[in-house]
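Two complexes are shown next, each including chain A; its partner changes from chain B in the first to chain C in the second.
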Partner chain A sequence: MTNYGLVIDQERCIGCQACAVSCKQENNVPMGQFWNRVLTEGGDKLDTPAGGYPEDGDDGTLDMHYQPTACQHCENAPCVKVCPVNATYTRDDGIVEIDYDKCIGCRYCMAACPYNARVFNWDEPEHVPEEGTGDVEARPQGVVEKCTFCSHRVDEGLDPACVVNCPADARIFGDLDEETSTVSKYVNNYETDRLLEDRGTDPKTYYIRGEMSPGRPQTSDKLESELDDDAMPGVPAAKSGGDD
Partner chain B sequence: MGDSEDVGRRDVLKAGGAAAALGLGGGGYLNALASGGDGASTATGLESFVGQNEVTQTVCSPNCRGKCPIDVHVRDGQIKKIEPHPPEDEQYKRACVLGLSHTQRVYDPTRLKYPMKRADWSPDEPNPTGRGPEAEFERISWDEALDLVADKMQSLKSEYGAESVLFHEGSGNYGQTGKSFKRLASLFGATQSAWGIDTNVGKGFNRITGHGAFLPPTNESEDWENANTIIVWGSDIFSSQFQMDASKVLDAVENGAKLVVVDPVYTTTASKADLWLPVKPGKDVYLILAMMHTVFEEETYDTDFLRSRTTAPALVRTDTGELLRAADVSVDGRDDQVVAIEDGEPVALEPETEGDYALFGEYTVDGVECVTSLTKLRDHAADHAPAAVAEKTGVDADNIRTAARWLATRGPGGIASSYALGRYTHGHIFGQAYAIMLAMTGDYGNHGNIHAHHPGGTTLAAGDWAAPSDVDPGPSLIFPEYPDAMIDGDPHEIRAVYSIESNMMGNQFPDRQRYQNAIENLEMYVVADMHHTDTVQQADIVLPVPHWFEQEDIISGWGSHPHLGYRHRVQEPLWETRDDYEAIRGLAERLGFGDRFPETKREMLRELASRDDAIDFETLYEQGTQRKETTPVVKYTDEFPTETGRIELYDDDAPSEEGVSFELPRPLEDRTADDHEQADEYPLMFMQKHSRFRIHSQYEMVNWSREINPEPQLDIHPRDAKARGIEDDEYVRVYNDRGEMVVKAKYNEAFQPGLVNTDQGWWARDFVEGHLNDLTHNETSDVGRCMAFYDVRVAVEPAPEDVDTSMYTEGNPKGSGAATPHTGGD
Partner chain C sequence: MNDPQQPTLTPLPEWESEAMDILDGVDYDAELGLQMARDAIRVSNGELTDAEFHEKYHEDVLAEFGEDNRPTEPEGFDDG
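This part shows the complex of A and B:
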């Protein structure tokens, strides 16, 4: 079976917002809404660190990382469970998706999602330019929407837009059930975290922290499974996970 | 990472708020995606358009380090999205958040549509005081606009001379239009603009190595992964300069390179560093001298390199402080050659020779007492030991030693020095200093060497086309000289300006009030632009330029990557916009030079391309990009273009400033000096960092970026803010003896106490009051002749109670297409 997942290497991520904006562009996300937000793990605000500036020549305690955060495509998704009309469902390939024709706008899913991954179209959605952008139809007023792992692209053999447009090669998409996929290798060989693991949601988005990975050099917009093997980066064989 | 509160707290973006290309045999640049394409509904109930777009390959090209080849997707006659297009050499695939958002820029309401004339301007009664925020414009025809401009140029030429017309070219685009602009300026005899921004560091570096104009050449980015130590000095390369190519630097780090960041700010780049040196503004020369001292003390300098490729062994006369010349003594060789000691005997120093020259010591040659250049440098550095400069620079002595040790002992590496260093008045001294530091460590000419915070890239070599050899061009003025020329006629009068590719009055020039006063002396101000910028608002004649996607051009990869790119037209020019080339050619015709300009831009591009043997027009056109194989990946492999053919460690012909002479890099500070006369009145240094959300003032209007970064802010350390009674997110007045601005305070622990910042690139409409360039000044150093934007002092206080901040505080956003919901962000 295919089970799509995403690895984000936070050691590589430079917080450039290209994934956040290209997500909006590709998916025709209304103004004022984000499916994918590049959060700063540090101070209270965007692009600010935690800790204190060095004093008297010491090293200080400043620390900052970026945490791009979208729907985590949970294996055990609370949003799926609470939807009274089965509008939110899990596809066979593991992508959690919304059937917008079924969504009644009750927003139970928004309350259930611990990642604040969902947005609701309270008003008539606004787009700039007005005609909309990207390769998927806009959603109407009154429905909930969120990241789809760009299922409309994945269905055509293409990587999600955020992955293709990351200039740091920090985002790696692929099949977690395929042992030789880069996502599987990285999950096995690098220290990874998932957000709020204690909630039992079993997210399929993994964050690398600690040792930097080689990422996923992008010279094509195709899914890894559509590429020749030698087009993919080598993962150092001797890496053992969890020791740093 | 952890609990839900954290996710909530970090939730900075709370959800829930508010043509077809020209054919040339159907080249490969136009490629509808092959897959999909049936417009099928997905299981989401929505229609997918994958595969239905017409895709045109073109190039994005502001003055960033991208020059990114991109694909533009069009459907139903509308641009729908942008994606990077891997160039001929795929490893240079690149783009940033800005290039990806042209979808919004193309259709933005700030786009100029028609030629215009200031309503109260006429050639005979220019009414210069009518310029400014209140100026009104009326639509005119292209013919009328070009007639007015050409006639006025002619009459000024007969009254004051052709040089009274200034052709000002900015850096807003990297196509070939500038060459036609210069060509017309040369033929007419107009004054031409010469660069006065970001040339500081390169000048110092050039004096020592013979290389460098802006920043010196550095290895192409594909080579950076070979670096073992990368010292990024004064640059947030992951937010600006290298974000589109970040993977290359990250790959170096992943390969085990040590990343050192020298910066007063804990930037995104600093957050990735193995070692961060939080230097105080303006103290960089002290710091690098201390690093040199470490290398001397630990004897980790590269003896072979110093002997073969530098003047380290060259003797300096003790009596005069000048280099000993072969002619001064009885040494075989050319008269002007410098002299070294080999096996106890004086010999003339040839370029690139590997003699066993003495690097240190005192010698007497024919009765003349001398010491080696390297001895002089060692003694100079000894005055700046790490422990001695630690307090002054704010950097721990052990950390200074560690950085120097890594650079000297870990194999090839380098210093990615920055334009920011040159934004301090005497920044050229750092250029001199780090050229020498890298000579000590032998970091020239190898894989893995780095000399600047952006790669060299490549350009189209078009010979003398821009400045035809059969005409005498007019004089040139560097930017900071403009006001004196306009106001006092010094060195000559300027009565009109024709400006292209530049928001000079809005972002690129400091001391806004002074420049506004200066242009009051102009009888005609012609501005060509894509958008209604602050500079356009000051114009008398406005020439509307099409968006890049509506132009055809050859884009240079200068400072970026080793390709040229072909800018294919994605759609016809909107409204009555016209390519600058057409305007320039139209003027040339009216001025009697029509026959010197090919009829169409395409013909010009062909002609220019034919002058460059390394590329071929058809290939470039068809492929969209062509790697210029003559561009070396590794720089500095040949003899240095200096008098000696070597890096000249000791410059006996050195300039001086304020009584300090620069034979060796001697620290000299302007407003950053601790005892500067304004230190009490204006205690804070003021920087205007480049952000990831704008390239200079371009992309200011992009709605997507402004959701994340909605308004100008003042980054300030909480301690500095609290000492002034300033709350987080409170509006503050930032002022000095030139002017003021009102922006929102942002508590930011990343900023060194004593240093504040507002990211550059905002337009006047974005400020609650004033503008950041009301605070900056136009003074330059004698050597640098370069605008010193960061060498500025300010004071900060809470904004007066009655300041009207409703544009941001009442969900009433002013600015970019006022409909923009600025709901997100911080």
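This part shows the complex of A and C:
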């Protein structure tokens, strides 16, 4: 059975926010909201590093790391368990999705999500341009929304927008249950961790830290499973030991 | 980074106050939402089973929402 997951290579991520912007555009995410954010680990503010600039000929100590964060599409998703009307549900392919027609806006799912990855339409959603962007219908006021792994694209055999538009090839999407998929190989062969693993939510988003992977290998916007082998140059059978 | 509209990674001790902020002013029982959120994490952790979680809140969910369509309902569950 298909079980979709995402690998994000934090050694490749350059913090450019292309994933956040392309997500917002593709999914018609209202003004003031983001489904996909690149958090920073460093200074006190989003765009400030820790440490200091070089002074008096000494080396500086500036330090910043990027933490791309969105719905983790957990196997044991607390958001799914608390929804009284079954508006939040897990698809057969593992994607956690919201039926906006069923959502009553109780926000219990938001309280239960340890990743704070959900947003609520407090007001009538505002879009620029007014007719919206991308290929997803706008959600109404009073419902919760979040990352869907671009399920509308996945259903068409395409990778999520954030994956296709990452200029650093740091995001790799695919079937975690297919042992030959790149996501499975990376999870098995590289040092990965998942966010807040102590919560037991079993997230399907994995982060590579340490040794850099070759990144997303395919050159098309199609899902890897839709590609011919010839169209997948550089898919590593095992850890390759560096960037390609 | 405390805007509840933005995803953050909140340390567990601070999670409860953040969850209370999220549920502040909700049209439904905020305390019930907080308790269910807390126990849903316990289910994920394996401290509570789906069935125990479902049974624990079934009456309250029915009373608050008039329905209980959570996927945690065990097979053969008597909701009478």
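Keep in mind that, in the parts below, the second predicted complex is superposed on the first by the 217 of 244 C-alpha atoms of A that agree within 3 Å, B and C clash if a C-alpha of one lies under 4 Å from a C-alpha of the other, contacts with A are read in each partner's own complex, and residues count from 1 in each chain.
We take it that a contact is a pair of C-beta atoms (placed from the backbone, for glycine too) under 8 Å apart; a residue touches a chain by one contact, two chains touch by 3 or more.
Owing to the predicted nature of the structure, the values given are computational and were not obtained by experimental measurement.
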| item | value |
| --- | --- |
| Chain B versus chain C as contact partner of A:168, first or second or both or neither | first |
| Chain B versus chain C as contact partner of A:126, first or second or both or neither | first |
| Superposition-derived comparison: chain B or chain C, residues of chain A touched | B |
| Touching partner for A:54 - first (chain B), second (chain C), both, neither | first |
| Touched partner set for A:80, first chain B, second chain C, both or neither | second |
| Touched partner set for A:105, first chain B, second chain C, both or neither | second |
| Which superposed partner A:195 touches (first chain B, second chain C, both, neither) | both |
| Which of chain B and chain C A:227 touches, first, second, both or neither | neither |
| First, second, both or neither for A:153, with chain B first and chain C second | first |
| Common ground on chain A, meaning residues reached by chain C in one complex and by chain B in the other | 32-34, 37, 39, 46, 67, 69, 114-116, 119-120, 195-196, 198-199 |
| Chain B contact footprint on chain A (complex, rising order) | 11-12, 14-18, 20-22, 24-26, 31-34, 37, 39-54, 57-60, 62-67, 69, 91, 97-102, 114-116, 118-120, 122-123, 126, 128-129, 131-137, 139, 148, 151-153, 155-158, 161, 164-165, 167-170, 193, 195-196, 198-199, 207, 209, 212-215, 217-221 |
| Touching residues on chain C, where the partner in the complex is chain A | 1, 4-10, 12, 15, 18-19, 22-23, 26-28, 32-34, 36-37, 40-41, 43-46, 50, 53, 61, 64-65, 67-72 |
| Complex contact set, residues of chain B against chain A | 1-4, 6-18, 35-36, 42-53, 73, 76, 78, 80-84, 86, 90-91, 93-97, 100-101, 103-104, 107, 238-239, 243-247, 250-251, 253-254, 266, 268, 270-272, 276, 278, 390-391, 394-397, 399, 692-693, 703-705, 707-709, 717, 746-753, 817, 819-821, 823-826 |
| Complex contacts: residues of chain A adjacent to chain C | 32-34, 37, 39, 46, 67, 69-70, 74, 76-86, 89-90, 104-108, 110-112, 114-117, 119-120, 195-196, 198-202 |
